[in-house]
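As written, the chain order gives the labels A, B, C and D, with residue 1 at the start of each chain.
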Amino acid sequence: MKNTNLAKRLQDSAIWIFIALELAFFGIAGEFLSLSDGNFLAPDNMLLLIKQTVPLGIIALGMTIIMINGNIDLSVGPIFALCAIVMLDSMTWPIFAGLGDGVIVIAWALAILVGVVLGAINGFIVWKTGVDAFIVTLGSMLGYRGLVFLYNGEQPTYHLNWTLVDIAESAPLGIPLPILIFAGCILFTWWLTKRTVHGRNAFAIGDNRTAAVNAGIRVGPHMVWNYVLIGLLVAISSATFYSASGSVNPNDGMLYELWIITAVVLGGTKLTGGRGSIIGTVGGVIAIQLMRKGLGHIGADTAMVNLVIGSILIVVLYLDRQLNRKGEEELNS
Amino acid sequence: MNFRKTLVTTTALASFAMVGAAAAADYTIGITQNNVGVDSYQTTYEKAFIAAAEANDKVDAVVLDAGGDVARQIAQMEDLIQQNVDAIIIWPTNGQAVIPAVRKAHNAGIPVIVTNSNIAEEGFDFVRSFSGPDNVTQGARSAEIMCDKFKEMGIENEAQVVQISGQPGYTTAIERAGGFEDRLPEVCPNVTLVETQPGDWNREKSQQVMEAFLVKYDDIDGVYSGDDNMGVGALNAAKAADRAGDIIFVGATNFAVGYEAMGRGEYWGSIYQSPVDDAEAALQTAIDVLDGKDIPFLNYFDTPKITQDNMSEFDKPVF
Amino acid sequence: MSAQAPVLELKDIVKTFPGVIALDHVSLDILPGEVHALMGENGAGKSTLMKVLGGIYQPDEGDILVAGEKTILRTPLEAKGKGIVFIHQELSLAEELSVAENIYMGELPRKSLGRVDWSKLFSDVDEILGRLNCNFNAQTIVGDLSIANQQMVEIARALTVEATTVIFDEPTASLTDAEKVVLFDIIEDLKSRGVGIVYISHRMEEIFKISDRISVLRDGEYRGTLKASDTNQDELTQLMIGRSLEHTRPDLSQSNGDVALEVKGLSCGKLFHDVSFKVHAGEVVGFYGLVGAGRTEVAETIFGMRNKSSGEIFLNGEKVEINSPADAIAHGISLVPEDRKGQGLVLGMNCRDNMTLPQIDDLTVSGLTAPQSEQEIFKKYRDQLEIKTPNWKQTVGNLSGGNQQKIVIGKWLSMHPNLLIVDEPTRGIDVGSKSEIHNLIRELAGQGYAIIVISSEMPEILSVSDKIVAMFHGEIVHTFTSSNVTEDKLVQAISGIYEPENAA
Amino acid sequence: MAQSHLKAVGEILAKHGILVAFILFMIAFALLNPRFINSDNLLGVVRSSAILGVMAIGVTFVVVSGNLDLSVGSMMSFSTIVVLDLHDKLGPLLGIPAMFAMTMALGALIGFLVGYLKLNSLIVTLGMLSAIHGLTLTYSGGKNMDIADKDGTWFGFFGQGELLGVPVPILMFALLAAGLTLVLSKTPFGRKVYAVGGNGVAATFSGIPRARIVFYCYLISSFCVAMAGLIQASRSLGSQNTVGQGLELQVLAAVILGGASLLGGSGTIFKTVIGVLILGFIQNGLLLVGLEFYVQYIVTWVIIILAVWLDIAAKRGQLWSPIA
């Protein structure tokens, strides 16, 4: 039994070893190749790195719980855009005219409402129709993107409110607000998966659904709550990001779902469910953003970034498979 | 730490040639471009910009490409600010969304020059200068080209025109469409613009949009597209439905493909705009700002009309 | 055991599946503080009865009385609520979670805000594990435990609830002797606390060691209950087998064919080692043993599904290397797998396609599939095996278990193999057509096929095989010929307690 | 009684539901805008869905074998850019086969990773989606790819030409569909693909080389992508690097709409073609009715969920899922 513990420990920390390698490589390579004099490993450059992982990072936390549960959600991209549209547009609605800057709180609340409702719709369809989550969310990815365009045609939704921008760019206790929000979400989802009954049931359902059903866990509502949670996290991520930019294009959020699934898998969460960790996912998201930023720093163009990230994903998948290869009992089917 | 030092010294010479940096470059100028991979204009712009920067030994250039993603462009702006470059040139992916990032650079004391496609009004007081074509005039000139041709053909009283605009939310697209839609009724009051759909600077999408127009409208007399890349897409659709003969195509930013189509007599006219001028003007504006010279806020460079009649005066675009 | 009120009573339980009467008016009573063994051949209805008790199946007729009161058990959860706990042979655990979370799955102790009360959970579980003197604690991850320890977790789960009845289904199948001792102590402990225990097993010596009363089922009928103290193995075997052996044994033609298959010193990792035997053309070699004895694994290795770690295989005297089923089929070997649904059939495909799958490459006309020749094969074996299916288009998933089995047999017979291996030929077959399959096997032997039959039903092995290879824990204990085999020698052999006096 | 009745209706619906839906849509749109059913329009729609259709046929093989392929989008951009570039460098006669070889080499790589190394097909093709996009950008240096002398070449034949009055893309689409239907439903290889998708273990037990079958399915899929790239390149004799972006999910939607199950073992090329045509005609119909193109996304969402839900409901005999 000993080697499985070693394998498991290796697996859990694999993503962090990978990040350390990236830091070392870009740190050294950066000295020569990069034109800017700033040192890549400078503390505030690292802080900037974390800030840039926030949009995908927050959503990836929700995706982790969905995948631990054995499901998946391809519709996070359009939900991300729709929440932002409602947030920015609601600030221009006449009924809130009298509130002045107070409208910001209402705008955030509406954005979160949109995220939760769209998440709940996904959850109910998966539960009540029994259709596979991949197909349901593939459908809702198209449907929600349609809703985004329906809202404002092909035009971007734009409202620049400088107080909102100042809030979003503020840095209480010296740490940028988005990082604090991200930290809060990490804490909550980590606490949920490690400490609460709901979280532990997610593992049980993902690992052995029949055992969970026989033990009396109500799988349906559990799934709906997970989709509501990811909807909430997408809304938080969207509100945080668009408060600082003020304008959203109908095509925003494109391919977000693919990058997020990549990060969660890199972090060690199994696609078939039952195993996964929030901390691993945070590692996965940072690893990808670090790769993008590092390659940019040493002058590699977008082509190289895509080529490298795609290949690394496949290499990690192969290593992961080697690590938990069962003994020779396995039939060579 | 000494390991890194020895590593640095031994390879410094090797890297010296590659970076081509002069003894001590006065200025480090960072540029974040819109989407280099989207079309040849932008690729040629990047090459011209790098060439201009290397030719000028007072300048070190940090060249980044946002790949059309707003989030990535904002991250690149933050990176450039963090590396405290002397000046930042930005080719905005979305004229409105980048304003807060531009303000951050302004507050950090780094002068910002916008190139090719301006940012929205609210951002003007954080920007030192805009260097690029005057897109509103371009739109108006295209309207004039189309109207003159209709008059020549004598159909200026019942002609129907469709428009394929650029990427929604992109200032150049909004300004050119605005210029065209304002100027057309002034020169040809009876010509009706029946529909406008975005082609997103994408030739394939423009071809599909044109196919839809061809199905919807039996007689189309003129097509105005935001640039020749989209214009050629529309032309291909018309040729496939063999109705290209009786449609007047007018575009902007004359691409090589547009120039050839004009040579073949299928494409009527466009606006001549060279990415090389665009790039060099942007770099020069940045250097002037750093040298303390005062330059006009809107620093346009001229983009003349080009039609089948006068195309021989221009040499074929290089992109 | 004084005549106390039974903890659990089954009265005239009837359960039928399409074409099969699984339980025919079975009655059973479990007294508190008693170990009530339940014995019977495979397919005698034992597991069906237990699934009725465990709330997995609903009886068609008859009543279940819990502490004298008539109740209906719709789900395993309801059964557990009524104090009936079922420890399955296949464990249903979440391997990624800790022991504690598995034991209290679905009922984790809560604190405010839906938080898990970890301290209470771990202390309760450690206390139970202590009672079972397990060598692991509440926080160990189940995936890291051995099969035996995982079984302990299932047993521990029974102790979390005030169980009045605990049902063990073949619990010692994969336990070492030391672990068996621990299990029996636990059973003693449960007994002393007045819990009624139902113990299902094949192993005679275990039954006599721990059980007070023994009930026997045969072919879905209740055959009676005996006191362990005043009965013996022969009487029980007789009760289990019922019909006298003589008339079931067909006349065994003397096998004079040459050696079709010879296996020398074959072993595969921990599964089985140093297995050697011969199979002649026209001879049926029966492999008999308990679950986990390695019989299926031997067949899978011969068929190329597993890679052997050592040993040689000879077909018609010629040494062959078999690394994949495709090689085996090329050498004319066919394997009818034990798990019809999982390994034998593509449920989504129709009957004809399933039947002709292994030889599809040969049934072609200029590169395309030839429906007529496939049709012929299907019709031939449908009639020969009397497969009840409306037409060849019927998807296999919609057929009954017996017919599915016949499709798989037809699939491999149509290959005209020179070595046919059949794993549990009549599992899930209704009692009526079992002898049909046995006659077919004998007939094929008569036609010169070399056949290996793997079975865990003694009467089947006895009635079909010319030679019987008894295996225990991955080794061949002894090879009997049809003349010198007796039941109790066979039973002793497969339980690993057989001392060959001087028998041939 | 009710349940078996529902099952019977469900069975018919599941088997031919797609056809019924397709006909209903056509009638509805024809009534709303007569221009919809004039031959030019119908031909135009089929021609423009030919590219998506050709790719969907290839992906059908992959889905029936129980796997997924998200890389077809960027692989199509790759093949379009490469054939345009090689057209000028080597001339069409050499360029086209070279492009097919390069594209099928990518297909072979994926086939090796998923088939022989048994890696998860969703993640492998997700990685390849990004890697191939990088490859395309590196190959083209980010520039558009345009044929220098557009009039002096016959290369436009595939995308713009006509044969016996029928646009060439439609002919290629029909020919490929017919040919591969033959392969999938009438050859031993096709039977094995269904077996591997339906139950991989049982297939191996029947002597079927599962890894090799999966490998060939990805090879066929990459052949179809190369065909699509050829048509696309020839249609406008020039292209951008992102021409195939987002097609992979539209292709998957068409295959699922056609009735192929993501678990493998079911689905036919005919049904996939119907799925592609449904998507094409809905987009066209909505356009003619005057609705924006994005309404089509919402309609597609509804019919995908409905189509798959009814199919599952028919199989289990209950409308609502049994999940507690």
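By definition in this document, contacts are C-beta pairs under 8 Å (C-beta built on N, C-alpha and C of every residue); 3 or more make two chains touch, one makes a residue touch a chain.
In this text, all values refer to a predicted model and were calculated from it rather than measured experimentally.
By number of C-beta pairs in contact, A-B leads over the other of A-B and C-D.
A centroid comparison over C-alpha atoms places B as the chain most distant from chain C.
A separation of 74 Å divides the Cα centre of chain B from that of chain C. Note on chain placement: the centre of chain A and the centre of chain B lie 34 Å apart, centres being C-alpha means. Averaging Cα coordinates per chain places chain C and chain D 45 Å apart. Taking each chain's centre as the mean of its C-alpha atoms, chain A lies 46 Å from chain C.
For chain D, residues that reach two or more other chains under the stated contact definition are 137, 142, 201, 204-205. Counting only residues that touch two or more partner chains, chain C has 305, 324. Touching two or more other chains at once are residues 153, 301-303, 331-333 of chain A. Chain pairs that touch, as defined above: A-B, A-C, A-D, B-D, C-D. Residues 36-40, 42-43, 46, 202-204, 207-208, 211-212, 215-216, 229, 232-233, 236, 239-240, 256-257, 260, 264, 319 of chain B are the ones that touch chain D when the two sit in their complex. Residues 28, 31-33, 35-38, 44-45, 48, 51-52, 55, 153-156, 158, 160, 165, 168-169, 241, 244-250, 252, 292-293, 296-297, 301-303 of chain A touch chain B in their complex.
Taken in their complex, chain A has these residues touching chain D: 74, 125, 127-132, 134-136, 138-150, 153, 213, 218-220, 223, 254, 258, 261-262, 265, 271, 301-314, 317-318, 321, 331-333.
Against chain A, the residues of chain D that register as touching in their complex are 70, 113, 117-120, 122-124, 126-138, 142, 200-201, 204-205, 210, 246, 249, 252-253, 256, 262-263, 292, 294-298, 300-302, 304-305, 308-309, 312-313, 316, 320-324.
Interface residues of chain B, counted against chain A in their complex, comprise 4, 7-8, 11-12, 15, 19, 21, 28, 30, 36-37, 60-62, 64-65, 67, 70-72, 74-76, 78-80, 82-85, 94, 96-101, 103-104, 120, 122, 168-169, 198.
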